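Both of the next two complexes hold chain A, though its partner changes from chain B to chain C.
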Partner chain A sequence: MKNIFAVAGIVIKELYRRKDFYVLFIVTILICLVMASVNIFNDAKIVRYLKEICLLLVWLSSLVIAITTTARQIPAERENRTLLPLLAKPLTRPQLIIGKFLGCWLACGLTLLCFYIFFGALAASREHQWPLLNYFQAATLHWFMLGIVVAMTLLGSLVFAAPSSNSTILFVIVGGILFVGRHLDQVALTLHEPIRTIVYSIYFAIPHLELFDVRDLVIHNWPLIPWLYFSLALLYALGYIAIFLTGACLVFRRKAVN
Partner chain B sequence: MTAILRTEKLRVEYRSREMRQATKVALAGLDLEVGAGEVFGFLGPNGAGKTTTMNVLLGFVPPTSGAAYLFGIDVRQPIARQRIGYLPELTYYYKFLTAEELLRFYAKIFGLSRAEMDKRIPELLKLVELEHAAKRPIKSYSKGMQQRVGLAQALINNPDLLVLDEPTSGLDPLGRMKVREIIQRLKNEGKTVFFSSHELGEVQSVCDRVAIIHQGELKAIGRVSDIVGKHANLEEAFLEIIGYSTPATP
Partner chain C sequence: MNSPRPFVLLLLALLVSCFGLAAHLQPQFQAWRGSRAKGDIFNVVLGDSRRMFANQFYVKADEYYHSGYYPTMFDDNAAFQTTHMAADTGAVNDKNHGDEHGFLGPTRNWIDAFGRNFFPDRHTHLDEGGANDDLSGSENVREILPWLKLSADLDPDNVQTYTVTAFWLRMRMNNAKEADAVLHEGLRNCPDSYDILFELGRLYYESYHDRDRARNVWEQGVRLWLKIYPTLDPEAQKDNRFIMEQLTTHLAKLEEDAGNLPHAIEWFQAAQKVSITPGEIQKQINRLKGKLGEEFNPLAKPLY
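Right after this comes the complex of A and B.
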């Protein structure tokens, strides 16, 4: 385990020493503060729109950070040749993959923590309440969704050579799943065989990231998700993380790194 | 002589991505044995198979056939790499780390305790003369400094076998001299050093034995004095062994 944590520690260090996170965080803060400073239409419930926009920015920023940070991990190690001294040490390839995953996922968790603290403070300044359990559920589900995205991106970085092509493909896939994933079964009903079976298979095979999007829970202060369903969603995410990481380890196992 | 490093009929073939092109043979049945405490030079022109041999020894590339052992352990097992240090050619270490942080990271992978790290890291930084830059990010280092930090990381576990891939490549004369001094020092400490280089003068001055490979085949192996033989120096002997004839002067 110490090897995995050592690799993860380097990934986290890289994130907070690079500018990407700070830029996105500052941009999110600025947009939200500007929006919060004006009360459009004199609507007393304008705070809901403010929360919605702030959460949307948090979601977009977190996806950008997760995909771009993960996509460059292995390709950068190859390009700078740091993979060679690393693998010349008693570090196994699965340990490297899991360490990279853990580092990226924890780094995403830290950024989410910053974003949600800011979001909570902004919402509380207007609503004068702290629905902490709602925030906890929303942030945890968000973080586990990012875990699936990170594992998927890591697998992609071993299949596609260039980080830019991997990032682009992953943005399209993640965007596609979030926007149309839930409708694929209905689309399948309108199609003829064998396309119908193919679309159905895709519907059941893809990780349904939209299940983790519970922004409405905090925007409209809805009641909490039952803890059983909440736990099942986390297990669902862990299952997909395990599948993608196993795939990444299998791809990387016999790959020549010269 | 106890063999620290051994290859048996090592063969590596690279399949071409294009269907019509033939398979490229990078190594054609290489048999090599390096004993404990030796400084062994591994020579050959570009594309001869030196780096491929090192890549197999370090587990980066699987051999097509044959076997390779480090300390008698198959190189495919990570434990075989516990007692080795490796310096690759032209590596750009993590720019966002300082030399001290980089060495601490590699030390963790070797399972060094905090006390061992606190003792070993300043020693190594002193050895490679980087104490003054220990807390500076690596991105601010010159090429020579990067090579020296690479040498320090290769020594972090106090290895019994050091594998160096062109350690003086891109260094100025002073940097080369420093690397030579370090290799000499390691030799005096009884370490085994296996290194490739194009600097034949340097090889002649520090190596006990050398091997010359060309087009994936072992052409010569033996003590430096035996290889040089009747030639003026190692460079002349090397050129003859690889079949290069100098054009006749008018």
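Right after this comes the complex of A and C.
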């Protein structure tokens, strides 16, 4: 575990040395403040459009940070020729993969914490209430969703040639799942065999990232998600994280490191 | 060493040509109908495609009206053909049918059943309490306004955006002044709109209690309707009968309140011609005729 946390610590340090997070965070703040300054029929209590814009930016920023940070981890080690010395130390290949994953995931968690604190402050400035448990559920589900994305990207970085192609493919896959993942079974019903079976199989095989998108519940002040379903969703995410990490470890086991 | 003079002169010559060309083209560009330079920022950036976005934002407002519970293109949206926020104003012909509460249908599989815990899955309206069923919070309907405003900015020719915005501003936020401004902006953009005139009349009558201005505006609406109706295609004519019924029945009600019963009867008779429920209006006419008879023949009143 010590080795894993050492690798994770380096990844977190790398994130706060890079400018991606700061740029995205400042852009989010600026856009939200500009939108908040718009006068809508002289009513200062209108807030939901602002929450929606802020959460959309938080989601976009977090996905950009998660995918781009993770995609360059192993290729960068290989390019800088630091991968071999790393593995020469008492660090196994699975430990490196898990360390990288943990580092990226924790880094995403830290960025989410900043984003959600800003979001909470922005919403509270208009709504004069702070539904902390709702925000906790939304942020936690978001973080676990990012865990799946990070694990997928890590696997992708071992399969695809370059970080750019990996990032692009991951953006397309994640976007596709978020937009149509929930409806793939309905789409399948309109198709002919054997495409129907293939699409239906994809529906059951993919990680349903859209489950973790509870923005509508937060924006429109819906009651809390039942804790049982909330916990099951986290378990569902952990299951997919384990699958992708196992896949990454298996691919990396046979991968040439030089 | 080469002298820079030729280059300076060439630069000057180019600047003069540019200036001359710009001065020559500018009047033609201003007169050109396809120019985007006259419009606002949306017109410059998006051109006519802004209308497509305007409709998206209009639907977004209705999604907010339902606190996020809204059908996607994959769901059964027969019950959402007319936006509910517009249908609830009473000024729009409601084409909805089907089950608005259960467009999701029965659960299809375990993923679908599980997923329904993570998005709004209950039909509510913001003016009826919204997601928390809190009837004291009906002014939360204000949340639809940013999208309506954006929709109106993108497509200033969409009449419904103005009428819906004004209705909710007036009814739930008690902001008649802003509603008045929205409707007048609508009239500037769509001067021949009897829908806007109808809503403006309601504002004058119900919020300002100004009977004369309401009468003038509604009568102007009727005149415009009579002028425009014959030019519409049959489907549009069918849709537009509803607003004429609304205009005439409101005028009838106004005249009845003013004590002009013969006028009220005339307006109800006009409404009967376009109504899908002429029988109901006939009852109103009979009631008014009875009232009129009592007025002019007091002895006809029962003695006991």
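Just so it is clear, the second predicted complex is superposed on the first by the 253 of 258 C-alpha atoms of A that agree within 3 Å, B and C clash if a C-alpha of one lies under 4 Å from a C-alpha of the other, contacts with A are read in each partner's own complex, and residues count from 1 in each chain.
Note that in this section a contact is a pair of C-beta atoms (placed from the backbone, for glycine too) under 8 Å apart; a residue touches a chain by one contact, two chains touch by 3 or more.
What you see is a predicted model; the values in this text were computed from it and never measured.
Let me test your reading of the model: by the given contact rule, A:129 touches which partner, first (chain B), second (chain C), both or neither?
After superposition on chain A, A:129 lies in contact with neither partner.
Between chain B and chain C, which one contacts more residues of chain A in the superposed model?
Of chain B and chain C, the partner in contact with more residues of chain A is C.
For A:225, decide between first (touching chain B), second (touching chain C), both and neither.
A:225 sits against chain C, while chain B stays out of touch.
With both complexes superposed on chain A, which partner does A:233 reach: first (chain B), second (chain C), both or neither?
second
Looking at the overlay, does A:17 come into contact with chain B only (first), chain C only (second), both, or neither?
first
A:208 in the overlay: touching chain B, chain C, both, or neither? Say first, second, both or neither.
Second partner only.
Counting only touches as set out at the top, which of chain B and chain C does A:87 meet: first, second, both, neither?
In the superposition, A:87 contacts chain B only.
Of the partners chain B and chain C, which touch A:3 in the superposed model: first, second, both, neither?
Touch status of A:3: first partner only.
Hey, what residues of chain A end up touching chain B and chain C alike?
Comparing the two interfaces on chain A, one with chain B and one with chain C, no residues are shared.
Of all residues in chain B, which touch chain A in the complex?
On the chain B side, the touching residues are 51-52, 55, 58-62, 78-79, 81-82, 84, 86-88, 90-94, 96-97, 101, 105-106, 108-111, 150, 153-154, 157, 163.
In the complex, go through chain A and note every residue touching chain B.
Where chain A meets chain B, its residues are 2-3, 6, 9-10, 13-14, 17-18, 80-82, 84-92, 254, 256-258.
Touching chain A in the complex: which residues of chain C?
Against chain A, chain C makes touches at 64, 67-68, 72, 74, 108-109, 111-112, 114-115, 117-120, 130-132, 142-143, 145-147, 149, 169, 173, 175, 178, 182.
Taking the touch rule as given, give the residues of chain A at its contact with chain C in the complex, in rising order.
The contact residues of chain A facing chain C are 38, 40-43, 45-49, 141, 182-183, 185-187, 203-204, 208, 210-214, 216-217, 219-223, 225-226, 229, 232-233.
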